[in-house]
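Shared between the two complexes below is chain A, which pairs with chain B and chain C, respectively.
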Partner chain A sequence: MSENHQHLTNEQVKDIDENIAWAKINNDVLNSMKNPRKGYWVALVLSALLFGVMIYAEVYQYRNGMGETLLNTSHMWDLYISSFVFWIGMSHSGTLLSAILHLVHADWRKPIYRFAEAMTTFSLLTAGLFPVIHLGRVWNFYWVMPYMSDRGIWPNFRSPLIWDAFAITSYLTSSVLFLYIGMIPDLAICRDNTTGWRKTLYTFLSLGWRGDDRQWRHFRFTYLMIACFLIPLAVSVHSIVSMDFAMAIMPGWHVTTFPPYFVAGALYSGCAAIITLFVLLRYFFKFEEYMTMPILDKVCKLTFVIAMVWTYLNLIEFSAVWYGHDIPSKEVLIAKATGPYSIFFWGMMFFGSVLPFSLLSKAVRRNMKIMFFISIFLNVGMFLERWMIVTPTLSMGYHPQGFNVMWPGWVEWAMVGGSFGWFGLLFLVFVKVFPCVSMYEVKEMVYHRKRTTYADVDEMMELHSGVPGPEAQTQQSGGA
Partner chain B sequence: MSGPAKTIQPKTKRVLGLFGDFDQAFEVIADIRHYKVPGITVEDVTLKSPIEHPEIEEVLGERTCHIPKWSFAGGAFGFCFGFFFLASAQANFLAQPQGGKPIITIPSNIVLAYEMLILFGVLVTLTGFILGARLMRKPSGLYDTAISIDQIGIVIEVGDDEFQPLKDVFTKHNVIEVHEEALT
Partner chain C sequence: MPSLLGNVFKGWSDYSKGIEQGGNQKYEHMFSMSIDLDKCTGCNACSTACYAENNLAWVGEYKFASRQSMHWMRIERYFDEPDVGSSDPESLDRGASFLPMMCQQCNAAPCEPVCPVAATYHTVDALNAQVYNRCIGSRYCANNCPFRVRYFNFYDNAPTAWPAPMDQGLNPDLSVRSKGVMEKCTFCIQRIRGANETAKREGRELKDGDIVTACQQTCPTSAIVFGDLLDKTSEISKIWKRQQVKLGTYKQEKENKDLRGYRIFEELNIEPKVLYLERVREV
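Right, the complex of A and B next:
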């Protein structure tokens, strides 16, 4: 081993210390739900204030009409649809960390996947606000659901907006169930170690889990099957969201690469959000032993790879427009880069494609404070991306009489800011009531890693029962 | 693997032995597999643990799990239901302003049926899980909260004559605690 490696501590090298006692894992996580640092309460109050701003803006919009948003005929949806796409994208983090990494047996995901799954659920709940807010008449919220002809309105099943309703409802239902099923063994731990209303809640939610081999066996298969369902679902959800644009014959939107471009953008913003919440939760709940530097390092590398995929798809889109000889599309692209929105376009390019190169530096990847700010800027880039998809095209459609530059009013910005408050409020309440580190999976991780350093269980069985274990049998037959 | 014929005895007790780690619990199971407790076979053993051991099937033997069948059934039902439900709704619209396009549009219905495939696949898988894992039932009283922390439990239903030999095997392998309850 080189000298460089010799001075590295366990904290810097290992995803987790395999000598953590299982009882300590339970205690640390259960205590985190009772005694977070003061920063948690500050974040909670900030989120509540932001959400209050959103409520105020909604009441204002309700009383004074949609005109207060400054939306007009050309710009019929602006920041509302951008925010909707942004939050749907954010929701892909849970699927990536939980389902995809579960299938490829990346066990470093185990201490951090729970909050990523929670992020998925709450991002979807946040995204769902925007179509309702955009309706204006919020009391008609059920109009966004394509149920049949009670109102004498025939849902147009050829419209991607209808597909959205189906896909997002399926995604929300499935991701809530995925989050819940993965939590059942932990809810049983909470049930066994709490009193009062918490015990009542956990007893109800743990469904009588006792850790039987039958329960574990069914649990393993269920988790695997739902993970398999969730991955194509997540891909289809953001593909369908992209079709809201791609199937409209508008310059800059009618692009074949939109579905993969949107999916890559979704995974990208989800990964960046995981880094932000990783840093916050590690601090709030004193999870230094579970949310370790090597795990952050891996998430950063994953983010970099996805950022490059997103950049590549972005360039493909530009090339297709540039060489496609569709003049209006080309003009929209030029207007994006040189027109009134150009600062935001170049901001998107910088934050989305240039800033990720900083993740190539190990010193940056392992600096919590720097990573916190970088992850926020990456998501600023992703928000700008969604805004730059929507607004420049709407300001320069096919009809010159409809050309106009529109800047969102304070009501729209308040809704966008408030959505972060709503998300933060839901998320922070969740992590206070439910364990945000999966106790049983961390135990599994610790157990597996410890086993690799000791003699195999087969050898122990052979020693005590006289029957060679499978590995020993393989070796014997191979030797013969 | 053949062994001595299992003596059928009325089961009168349910016994829970708690062990400090998987190795000790597996040694007990190995002894049971080698018929060191007359009348009890490995099929009678229920293992309770804070995590699922990766090689549990090598120790307990393969046990059935029908979750993939539930998932398949749910997915297949969801796809068919999604497609035909939408198609029947489309076909029954009182007005058909389709602009010359087909009333039942296969490409868009396939997209929606795909979403229903996944939704019902997940819902039915969950149903299979609750039924198969015997959740939401009144559990037996024999449980120790240490199982959710770091101890491994072995639960076996025994007859009066089988109890003492089982307890001896438990003791031989450093059982921490033994709980018992009468079967009614």
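Right, the complex of A and C next:
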């Protein structure tokens, strides 16, 4: 059997090489923040241009009116709301990786959670744009907040849009805090190794971190607390977003399973986005030693599981509608599958439910190029999903007079494209200003791995190389 | 300062009371409409009257075709197509059936709870009010309206609809809506308020026939009847009673199945307050 298999190297089996020197970790990550290459500037300018188009579209829409989006009396929402749901969804996997996997001690998350958490924050910032730009009177957007008014006017607390506003602002605040607090020890490393404006910035941000016992104790406690706080928040945010639809009476929206369905979809698109960014960062920043194939492999498996949960919930929804006696809902479902939007519906089903089966192949999971494209297509599928939730229902509600098909105008597409520019802009600035791999946690990971043996890994190593693995040691024996 | 906090807390307590008691139930009037489809000739006079009375902006052919128009009262045409279940093969030759459609002023309106800023709410007249100044244009209400009778100001329509001196001809009793707010049929709220004021000035109660909506006034066949359901002697109450249609149910149980009165989408439990009388064909 060893003839059939090539010899596996450390790189192919272990999440991380436990013999990396700590100084090397520091150097590699700090170097990634310096000397942007030409490609970086190209990407930055491209993102800025896309965002510029978005600003132009917004000014145009502001001056001329919402009608430029080609929305109409039946289709009052379209791509803005679907993009909003899409970006909120993207934000969920950062929390999954950084908080949930932190609590279950899955330490393979350590090299990749920082950028995932940054993704969470930035996609929330992107998502937050859409409910504002879709307002007819943008300049009054703050009326949804319950501020003290002399006239005693409150927002309508029964409206899911108000819950949205609360959920998103609290999720954004908490995830910014989580990102920042998790970064403090790394900011101290940056402070000690930089000069100039960076030194000033990191000195301020690292809050006098010295790395003594007391600080670490407080740090651990705080980090755990916020992680615990963030998990229910993440679940509730997308449940509340789903209530924008589920609380409405429209056929195709009024679905009880929407909250778990939306959360599953959110984790799904977030995981796919993590894979995309993983591949990009690994390639451009040469993070091969930290963002290793086995970690990608694990993320892919996670994505596959979530994809199957999503598919399951999708099928539940379809069958509930099919066997239920709500005729309008059934008609909307049939119209989705056979009507003018059917190509997008089946695209969503293909990209969302069929394509993930390719992740069952190890060769695919470990091929960077293929995974890059697959992850993009998974997210295309998820974008279509959101669009297919919003639009077919509006094109076919209850009243026959309102039935019509509508295609988004250039203004809407410009906003959607521009949101990627805005996200890219934030992310590109982030990777050059803040360490996008957690230095201190990679060190912890290396440290623990060195003192623990994993029976399965050793067995595999032995099987493939014929060399016996290191002797089993317990974690306690190597304790500090 | 005391007034600031006082108002805030008073607002809050009113608000929570409204929630506990299922909204405002202390109706002073309950305005309702009935439309006899057998009398409707589809002449569109009601729609035109509505444009004139309520300062509705015309949007032009292109925007109308894009369904961005502002017609609060619209006449819908329906054909009994032979291939869709009509027993009569010559049903198309009989022409269209007409359905005047405007805001149904639902007593359990789906548009009301979803507005984030409470710009649409139920008044003591059992009207579904729209506060233009409060509306921020999130358009959730229109999405949740099964009748699709809420119209959004997609553009700043006023300058194109009423170039000077046409703006002199606008109805001064109500505002011209600005870009980005939602609007819909109000049952001619300005006429209701006016009649109320007149009655108060004359020191009497509002009586049936005091209020005439623009569409009702214009209808050449008198298909539209408008009035107060709480006033048991009013014409509209009699029609509801005669047709054995009741509020507060999502399924009418009529003793006489041949009566023509029905409410559209009452099975959604939204309590529409417009009674339609079915058209009868001599087939």
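Note that in this section the second predicted complex is superposed on the first by the 425 of 480 C-alpha atoms of A that agree within 3 Å, B and C clash if a C-alpha of one lies under 4 Å from a C-alpha of the other, contacts with A are read in each partner's own complex, and residues count from 1 in each chain.
One rule holds for everything that comes next: a contact is a pair of C-beta atoms (placed from the backbone, for glycine too) under 8 Å apart; a residue touches a chain by one contact, two chains touch by 3 or more.
Treat the numbers as computed from the prediction; the structure is a model and nothing was measured.
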**Request:** Go through the superposed model and pick first if A:71 touches only chain B, second if only chain C, both, or neither.
**Result:** second
**Prompt:** Touching A:158 in the superposition: chain B (first), chain C (second), both, neither?
**Reply:** both
**Request:** Name the chain, either chain B or chain C, that contacts more residues of chain A.
**Result:** B
**Message:** Contacts for A:188 in the overlay, against chain B (first) and chain C (second): which applies, first, second, both or neither?
**Reply:** first
**Request:** In the overlay, answer first, second, both or neither for which of chain B and chain C A:305 touches.
**Result:** neither
**Asked** Is A:209 touching the first partner chain B, the second partner chain C, both, or neither of them?
**Response** first
**Message:** Going by the contact rule set out at the top, does A:440 touch chain B (first), chain C (second), both, or neither?
**Reply:** first
**Prompt:** After superposition on the shared chain, which partner residues are touched by A:398: those of chain B (first), chain C (second), both, or neither?
**Reply:** second
**Prompt:** Does the superposition put A:337 against chain B (first), chain C (second), both, or neither?
**Reply:** neither
**Prompt:** Do any residues of chain A touch both chain B and chain C, and if so, which are they?
**Reply:** 148-149, 154, 157-158, 162
**Message:** If we count contacts the way the header does, which residues on chain B are in touch with chain A in the complex?
**Reply:** 22-23, 26-27, 30-31, 33-34, 46-52, 54-56, 58-60, 63, 65, 67-68, 71, 75, 86, 89-90, 93-95, 97, 101, 105, 108-109, 111-112, 114-116, 118-119, 121-123, 125-126, 128-130, 132-139, 143, 145, 147-150, 153, 155
**Request:** Report the residues of chain A in contact with chain C in the complex, numbered from low to high.
**Result:** 64-67, 70-74, 76-77, 131, 134-138, 140-141, 143-144, 148-162, 165, 244, 247-250, 394, 397-402, 404
**Complex contact set, residues of chain A against chain B** = 21-23, 26, 148-149, 154, 157-158, 162-163, 166-167, 169-170, 173-174, 177-178, 181, 184-185, 188-189, 192-193, 207-222, 225-226, 228-230, 232-233, 236, 240, 440, 443-444, 447-448, 457-458, 460-461, 464-465, 467, 469-470
**Fill in**
Per the touch rule above, chain C residues touching chain A in the complex are 3-4, 7-8, 10-12, 15, 19, 63, 66-69, 74, 76, 78, 101, 110, 113-118, 134-140, 142-144, 146-148, 150-156, 178-182, 265, 268, 270
